[in-house]
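These are the structures in question, set out in turn.
Paired with chain B in one complex and with chain C in the other, chain A is shared by the two complexes that follow.
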Partner chain A sequence: MNTPDFSSQFDEAIDAGLSWLSDHGEVLFDAANAVLSGVYKGVLWCLALPPYYVLALIIALIGWRAIGARFAVIAGLALVFCALIGLWPETVSTLALVLTATLLALVVAIPLGVVAGLAPAFDRVVDPCLDLVQTMPPYIYLLPAIALLGYGPATALLATFIVALPPALRLTSLGIRMTPRHFIELGEASGVTGLQMFFKIRLPFAMPSIMAGVNQSLMMAFGMVVIAGIVGSGGLGESIYGAVRTLDIAKSINAAIAIVILTMILDRLAQSAARSRMGESQ
Partner chain B sequence: MTTAKIDTNEVLVDCQNVWKIFGKSAPAAMNAVVQQGLTKSQILQDYSCVVGVSDVSLQVRRGEIFCIMGLSGSGKSTLIRLLNKLITPSSGKVLVKGKDLSSLNPAQLREVRARHIGMVFQSVALLPNRTVLENTAFGLEVQGVGKAERYQVAERALAKVGLSEWTQRYPSELSGGMQQRVGLARAITADPEVILMDEPFSALDPLIRRQLQDEFRQLTKELGKSAVFITHDLDEAIRIGDRIAIMKDGAIIQVGTAEDIVLNPADDYVAEFVAGISRLHLVKAHSVMTPVEPFKAANPTCDISRLIKTTPGADINELIGLTMKSERDALAVIDNGNVVGIITPRDLLRGVQGIPNEFAAAGAATVLEPSA
Partner chain C sequence: MSVADFRFSPGEILAPAVDWLNANLHGLFVLISQVVEAVLGVVERALLAPHPYLLIAIVFVAAFFFATKRVAVFAALMLAFCLFSGLWTASMQTIALVSVAVLISVAIAFPLGVLAARIKRVDETFAPILNIMQTVPPWVYLIPAVILFSLGRVPAIIATIVYGIPPMLRLTTLAFKQLPKDLLELGQASGASPRDILFKIELPTAAPTLLVGLNQCILMSLAMVVLAGLVGAGGLGAEVTRGLSRMEMGLGLRAGLAIVAIALLLDRLSRGALQRHAPNKMV
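Our next item is the complex of A and B:
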């Protein structure tokens, strides 16, 4: 067998497959593109509306309520620093990307996680799929996404969405399944309906696990959004990618600092939300 | 006390030849039991199924505290879960207030569980994200009772168990004994006729445990509730139960009052159990007294009318006290103004040993009524 011959035939076959998909699924992909970029633009518009010091102040206030004064001051100053180094638009669009992708992932993952937690049969189908998604390097998801959705934020969002989905789904399902046996008995012995069992007993016990899932999805999304800079996601990821290509080390380090600041603020906020839910149920 | 008004003969829970077999081929194993009468170990060998409860029949009457005593693995926890159909029996019927649980649809079954049969768990199972008050009102909440009303009822129940000060606390702030009191308050808030108690006090330390046992018995009697009380501790069963059922290997081997079981154990297993139990407060005058005629024959000179008088329900401890005060060596047992028997020191010693009087043995065995 002639290897180069086979390899070019294989390439052609893949090419043909993808163009068949994008021809025949055009409506679907256009719709996906419209939803993804629509939500993203909405979120971005909201975040970009106030000047940088107002948004920094709002985030500082949220941090003050959720964590404490020291965190609030540090977070506020750090965000102002992002603006001073000239990366505010990029920081905001990265924030918008992360929030949009995480939000969409949670909207899908939490209900599916609940179903998987309640129906073991469904869980047995979903589990290997999630294994597959999580085993592959996140980079891989950019390729089909760019083939089907083109260059731009929608592709970044789709890949980020896929990567952010599994943790929230897994931990929601786990939380729903892990209701202690004697509380199920308590519910049954008290004569609860199926819905009451879910909302009054299963869900409160699952809450810490679900919140941990939300936090993990957020962090996965962050990692992916930065990688997605190479498909034109915009934001800090693209800044880094561009700076690295032109060997502009200073600019790439600036962008990296902004990413670290944003990640730490979001992680702390999400963790404190998870912890306050847990504290409630202890 | 309201106990006088209620009809103590009404059967609230009626368990008829109930079996529970666990395992994949449970229905086949159940068939084999019915048709070939296989034993527990044969079932395990041939069908790899475990017999949890084997051919149990029992009746719990209104106002009665019915204890089921057995060691771990005897099937008592399975049995109590059959009574509110948390576990579905493999064979046999469970009737609650005359209604066969297996004939009810899910909504009717919920109704029975919500209104007629309450349950208290060994693990207490207080929802950690709710306050004591919210936990106590849980039963009414799922029935759709409004907030103000259910909290009012729950507060009354908490007052009954002495926890009025703790309504706004979270379960984690309470000691084990207090948590179990909340469990009890939660069960009585829904005002069921029967309360199922699944080893509620087993995890508590001995002093708190005795205190809760007494409180539980008093409260149950005061409210006129029936209770099925599971325990692995015979002392506890004797302290609380009007009647006691002893369970072994999924079957009930004896049912009776504490006195009855101590004086007339059904087999060696029960006898071994009761061997260490003090008879002083258990054995009553009527079980050990000598009938009047044989006493007169043996002591022709004794004037019965001048003996210190006592009642058939007086326990050995009380009788010893009276005998010490008496100048003569005998007490007269009076029932409805008639002398029904004589207690001699010999009778007392026999009582301490737990051997019924040869004359009274037949009488004691028939005393199965709850002595509320």
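Our next item is the complex of A and C:
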């Protein structure tokens, strides 16, 4: 086939660019790597500190407060089950990865979402970018992450961060924009300051939407963390990847069960948080 | 009390069952594999047979007639990108996988969705299953498929089909539930047969929502097909995996960009068709 082929030039340019970046930006990427893995290790240390039954009990208690006794018993038993099948360390590190990535994503996404909600000009710039991020298959975010940060949990965190960002940002900006007109006018008429307007009027109305965004971000992050097992993030993703590659049926079934259990528990908890917020504001 | 004392593994209990399935139903799995391989082979050959320029031209003309001029130009640009990045064959393999998977997903999800819209009991049974299916991360779908069909394109396409069903089913149910009552009554009053009501009233009215479902189904299938590159599905997913594992970032990024091009291509094509349909909406 005599079609023009730019691939080799492209590859060389990318390789040169990357080696330039890692030569000149080494300090920056090392710092990013250190921060990301530091936060991850801190969260992991907190979660791994108590023995498995204590953590299961704590999650069960949270479930009991948030949802109900039946969910609490099932969630607690399911977590103990994860420990019994010998996957407790992997389960905890997966949980730590998901929580860290979601937390980092929320810290960035919620302020940006507020800005996007208040300034339509900013929203018009951000919106197409978010469209693009959400159209691409999540798998490919591992590429730039691994190129810049190397193999390990920091890469998984960066890729997960990118995936978890859009839903929270979108729904925050939506919530801020949806403040009922007459409440804003009421605020203006009674002469509140800008800050009061934001914290007392706009934010409470935006809360249900923001919580829905948090829930979605959490679930996106979960899906990505499992995929990120490929780049050595550790956790259940890596056990599944290893088991599938070596066709170890027993191990892959166990890991899949643990992932499904963890997904269900996180999803239910996040959903109930979103729902209780909704009840409060109405 | 230590964990080690009580350790047991449901996987080890299930593994012999899987072995039994593999030993005794081997013929069935081989048959399914061969059918899937044959269909995929035909689609792939059809995509690769014409010269790339010719195929781009065909897509351009088709998009021009079925969608809009802008979509046509955009689609041609995206395909040209796949060609010039030296990944034409892999791109066509990915498109073949996605299109076969989406066709089968729709063929399964559409009738089930219509059924769920008609019969409330069915809808209530489906809802929790669909909820679980949509929360579970995509990776988990690959495991049973790989266990039963080993590595290759067949487990990839089976996992993709299963993964693509929930959005299509959901939106089909929604589309048929949202039908305006007065239109249906108008049909009944004017003595149309149930068949005429389905094809002349229900389908055209439901089309916009159905196309949204199709769009989602396509994008989710693409994500899955790319991921399935890890289990040897070939196509662009395999190129990304190769780039990741050999640290050939140029190749990985090229494949990643080609995936983006295909995602945008499929997204715009299905959305273009949607926009074309929107004005047809009655009421």
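Heads up, the rule we're going with is that the second predicted complex is superposed on the first by the 276 of 282 C-alpha atoms of A that agree within 3 Å, B and C clash if a C-alpha of one lies under 4 Å from a C-alpha of the other, contacts with A are read in each partner's own complex, and residues count from 1 in each chain.
What we mean here is this: contacts are C-beta pairs under 8 Å (C-beta built on N, C-alpha and C of every residue); 3 or more make two chains touch, one makes a residue touch a chain.
Bear in mind the structure is a predicted one, so any value in this text is a computation, not a measurement.
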Consider chain A as the common anchor and indicate whether chain B and chain C clash or fit when overlaid.
fit
Touch check for A:192: first (chain B), second (chain C), both, or neither?
first
Tell me which partner touches more residues of chain A in the superposed arrangement, chain B or chain C.
C
Going by the contact rule set out at the top, does A:204 touch chain B (first), chain C (second), both, or neither?
first
After the two structures are overlaid on chain A, angle v-u-w for chain B, chain A, chain C in degrees (C-alpha centres, nearest 10):
100
Mind working out whether A:246 is in touch with chain B, chain C, both or neither, as first, second, both or neither?
neither
Considering only the touch criterion stated at the top, classify A:182 as touching first (chain B), second (chain C), both, or neither.
first
Please give the least Cα distance, whole angstrom, that chain B and chain C reach in the superposed model.
28
Shared chain A surface residues [contacts with chain B and with chain C]:
none
Touching residues (chain side chain B, partner chain A) in the complex
81, 84, 86, 109-115, 117-119, 121, 123, 125, 127-129, 138-139, 141-143, 172, 190, 196
Any idea which chain C residues touch chain A in the complex?
3, 6-12, 14-15, 18-19, 52-53, 83-88, 132, 135-140, 142-143, 146-147, 150-151, 219, 222-223, 226-227, 230-231, 237, 240-241, 243-244, 247-254, 256, 259-260, 263-264, 267
Interfacial residue positions of chain A with respect to chain B in the complex
180, 182-183, 185-193, 196, 200-201, 204, 207, 280-282
Contacting residues of chain A [partner chain C, same complex]
1, 3-7, 10-15, 18, 52, 83-86, 88, 132, 135-140, 142-144, 146-147, 219, 222-223, 226-227, 229-231, 237, 240-241, 244, 247, 249-254, 256-257, 259-260, 263-264, 267
